[in-house]
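What follows is a pair of complexes built around subunit A, which joins subunit B in one and subunit C in the other.
Presenting the complex of A and B:
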């Protein structure tokens, strides 16, 4: 053993990694790569920078530095900046409309219920997610209406004339899309059906509601519809436009669903047929879950569209948030020209909500992504 | 499932309210609240405050009718309506009375199945000019640029007026009243034209309201008044005379402060108006103290005017045509006897 040659096994040692060259990392390199990669790019960058440098200080000054934040009326606004006192004084109107002040918890409760049901719909275990959240979703609009109205659940009655503000936009959009969901599914099935009657009814319905502008539909709901009812029958204006929204929405969603149906490979239908499932079993158990998965991005995009469309309700005098803003601007104690503050405020809350929904949408997409891409 | 179906039924019950149209008075009494169509927001006429309370000259007509019929001016359900849907809302019975700065015209009165119950405010197209211009009359506006809101009756009125008087002008039209105002402010035009009641509201919104004046000329007739459905004469009378009670109250010097006292100790005319003597209330199908309630709770015309659009408000509109006939205006209530 004495002459045993012993040496350390040769070990491969990679050279120490060198940092990336200075010309490819860091802020300078990023700017060179993205902002100044060519002469036209550099020129545009400089132009845009100059433009922003011109505008942004003024905006910041108007919004924050010379603006007025505290006070009780517009006399407090003496500076040149924004008069946020206006938004503050009217904030309850902007969010809740004229809903009875000590009952506002009911509006909040409805919004929380909506939020909880949405969260539940993608956090519950997959095994019973659909069985729980679908009925919850379908009951939710009626439950919210019962809570807000109050008569059925033994609370103080708050007439729909008092509902309003941003909460109305949110709840209207949610209530419309939830009820539209099953309808649009049926229209989409009808359109793909072999039965001539079902197919033609579906086509006419879908094309009518997709072809007519939503403003025209609102006018029909608010001005024409009452003339068709029996004399003395009054359907609440809010209910009328709710129905209009449901129809409008189900027309659009039906097309989204149809796209989803077409994306499902025919092997899925044939497989379902071959194990002896009937039409409804096949549709509900095999096809629909896949259709929903495929259509999810479009469903959410349609929802964002509907949500923003709810401000059009102002043209028929529904006191949603933009109408409330116009009402506020016409109050003789607030005639100091606060339109810009109001529009900025409404724009910001809409942007926050829509941005939040986009984030939620991409989250859901990731969760639902069980594709066989890899 | 029982619970769900009862919720659905409730949703329908919420939507459907039934009411016969013939006897509006009985409906209102049964309901205990007057349903009144107002604007979605018009400074001084029907406006909402931050607390959600409605006020204004048009709103005071609603309150007067509620006081006369129900004895309580606060028992009003306000329905904000756009200009396009106001008549449908009345025709379909959604509202009992429409008090929404609506111009009384022959066409509307005769072809829509409606009746105008009087005039609350005599409005008309007017002019606002910058003080710097030194103009005293619209006739001196030759060759000037006019800021006008597109699609309003104002456009027609001033085009007629200037053609009649052989004056040239250049219209600059805007979409909303806010844009019209900023157009005027930035000097795009020399004068701004709109309904006179609106000019005062637009003026307050200027950065320097004192730098602009509203010319005295009014070039079109825009009598604004409450409207009811045709075919219910009793209700028509009630709305008409509730308004007249306010005007008569001013003429007789009865105010919200002294109405109760005048009812007991006033002149015979006061007593007749306020229901201590005579049968005016009974003839309308109302309580004897109907007019007393109107004046006590809402005030006479002068009080309402000054509070909402006159010296007590931001608008500071002078009475002008809307003064009583004996003060140089044209406001006149038929004899209260």
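Presenting the complex of A and C:
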């Protein structure tokens, strides 16, 4: 067939591609497609726009334009806007509580140590990452306590009554989740175990700490826990709360780990068995690294929950950031009604931290999604 | 560890287990027994120490353990109670008052959170860019701010700035909103109103009967019955009919400004408002996320298949997408509802008299019966969570994939 054509075939020249019609590109087209695609859509768009136009200028005006940024006390706040002087004056309290002012470097040091250890656990070469960062993590809470307390390392002693502010929220949450990690792992193993007694004890433990309101746990920590120790033992308030948070956290994390264990294909267990590994070798060398990897997004989500829950400490009178804010609001020099400024400030700090972590979690999840399905 | 072992050693080890000449402690069966015995012994010792310490401490503090204190007069008043209460009533009555208040805030929170969650969850799939962004902003804002902060914000930064009693915001002189709370009219039943309540009950039963009849008929003949409109008609028509027949046996009790406050009607105290708003907005953000996840879990092919067999868009949503999405949503809803009930204990921060606040807070302070009060409160929260779990699991069975 082909050779019946003329000897010099006409070369096929596609016509130049025409630009897309004006109605499908550019901002107008985008608006037509996404904002005004139908009459109800257009109505909603206009409604929302009107609402935003009503609210947003006022908010911007309150926050930035007619707000007061500099000054020493609330007399400086004369405008209608926000009185950021309030936040500025109390910022040290908000971040560090009543920690001795010239010792604040110790709090900073603890936070930096925490940051360094976290970064190391991501950046170290994979060959010895776990071997280095796991012990570091486990030592960290106690090291931070030693630094903050000061007695053990020969620094000025700062009583736990003076610890507070946002740094306490961060350190408390970190210390709780780190210590809860090995425990929750054990509980998860117990729940999957073949031994009926071990299994039922784990189930009861996990369900208890998941089913009870956190506040009840804190009350137990502050009212019942002292009863449990032998007479005369005086356990520090923060330590009691720490214990409660560890138990609470290990209940939730155990369930996260259980999900992780279930996500590991049984072939991995069988392969480990077939090369003759014992139970702990199999669990620690083969399964655990995979479980941690798979459940990382959920671990982060649980951590965000714990971090938000550290605010509950105010109910039992621990001066974390929100308690500090309440103290500041009832201070006789600042009775000008700065509640909104204070709540906005603390809310924004928490939002930045929690949103950042959930972004991180969803990033990790996306990365895992490609590599670990089937 | 394992790395240092040679193949020969492993073989030797394997052979040893095969030959059967091993010590009893290498037998997994015996090992399990030994481990569990140790575990039980450890646990028993742990509890023994705790209990003996506690008893010793209680004795030293002069606190008599037991539930006898429940019969004593409480001697304090409760800010709000659904049943009559005064300070001479017993601690048991305090417990009931707190329990009812917890139930009230939980039910209101669950209903509002579900509505908010479903609205914002579905809004995420809007083709309108702005609506979608509104949904994203709502979820990301309220999910990432601690609930307690939100409760305090609503209570002391929003509701506390409402106008005073004399300058109340009012809606048609019937509903008033001021710094003391929300005042709404109350419907008071007169003689004959029982018939209306009966009519409501009959209507609900009739709706269920009609639904199962319609389903049976559709399965048998393929004919459809307008169940939704018929239910709507039954639910509103029957009570309305009863009301008219009995000659409208209701009077409306409007709140009226008298002196320094309002009288009559129903008063919603600001504590309850703040707690309900904060709980439902916070949980609503999580439910919206669950709804989004549920709808996203339904493959797009389902929509296309439904279109190809000629279903209308509304029917596609209600018959194809939602039933499948519910399979993902319901278990998530279950845990969100449970956490809402648990989070309602944060009422303590703004002194809303829920179970935890009036019983574990005040009663514990007054009597020193730490173990008993906390124990009773915990049992209640467990029971509530189990109830939610039970209901949601029943519901889940309905929406679950049925293998044929």
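Note that in this section the second predicted complex is superposed on the first by the 333 of 374 C-alpha atoms of A that agree within 3 Å, B and C clash if a C-alpha of one lies under 4 Å from a C-alpha of the other, contacts with A are read in each partner's own complex, and residues count from 1 in each chain.
The criterion applied here is as follows: a contact is a pair of C-beta atoms (placed from the backbone, for glycine too) under 8 Å apart; a residue touches a chain by one contact, two chains touch by 3 or more.
Keep in mind that this is a model prediction, so the values were computed, not measured.
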| item | value |
| --- | --- |
| Fit-or-clash call for subunit B and subunit C when the two complexes are aligned on subunit A | clash |
| First (subunit B), second (subunit C), both or neither touched by A:355 | second |
| Which superposed partner A:281 touches (first subunit B, second subunit C, both, neither) | second |
| Touching partner for A:315 - first (subunit B), second (subunit C), both, neither | both |
| A:227 touches, of subunit B and subunit C: first, second, both or neither? | both |
| Subunit B versus subunit C as contact partner of A:119, first or second or both or neither | neither |
| Which superposed partner A:201 touches (first subunit B, second subunit C, both, neither) | second |
| Partner chain(s) touched by A:219 [first = subunit B, second = subunit C, both, neither] | both |
| Touched partner set for A:323, first subunit B, second subunit C, both or neither | first |
| Which superposed partner A:55 touches (first subunit B, second subunit C, both, neither) | neither |
| Contact residues common to both interfaces of subunit A (with subunit B and with subunit C) | 219, 223-224, 226-227, 229, 231, 314-315, 326, 329, 339 |
| For the subunit C and subunit A complex, residues of the former touching the latter | 1-2, 10, 13-14, 32, 35-36, 39-40, 43, 49-50, 53-54, 56-58, 60, 126-131, 134, 140-141, 143-149, 152-153, 156-157, 160, 338, 342-343, 345-346, 348-349, 356, 360, 364, 370-371, 374, 377-378, 381-382, 385 |
| Sites on subunit B touched by subunit A in the complex | 4, 6-8, 10-11, 13-21, 40-44, 47-50, 52, 77-82, 84-85, 88-89, 91-94, 178, 181-182, 201, 204-207, 313-315 |
| Residues on subunit A engaged by subunit B in the complex (per definition of touch) | 89-90, 92-93, 97-98, 139, 142-143, 145-146, 149, 151-152, 159-162, 219, 222-224, 226-227, 229, 231-237, 239, 314-317, 319, 323, 326-333, 335-337, 339 |
| Residue numbers on subunit A that touch subunit C, as the complex places them | 34-35, 37, 41, 44-45, 48-49, 194-198, 201, 211-216, 219-220, 223-224, 226-231, 276-277, 281, 285, 304, 308-309, 311-312, 314-315, 322, 326, 329, 339-340, 343, 346-347, 350-351, 354-355, 358 |
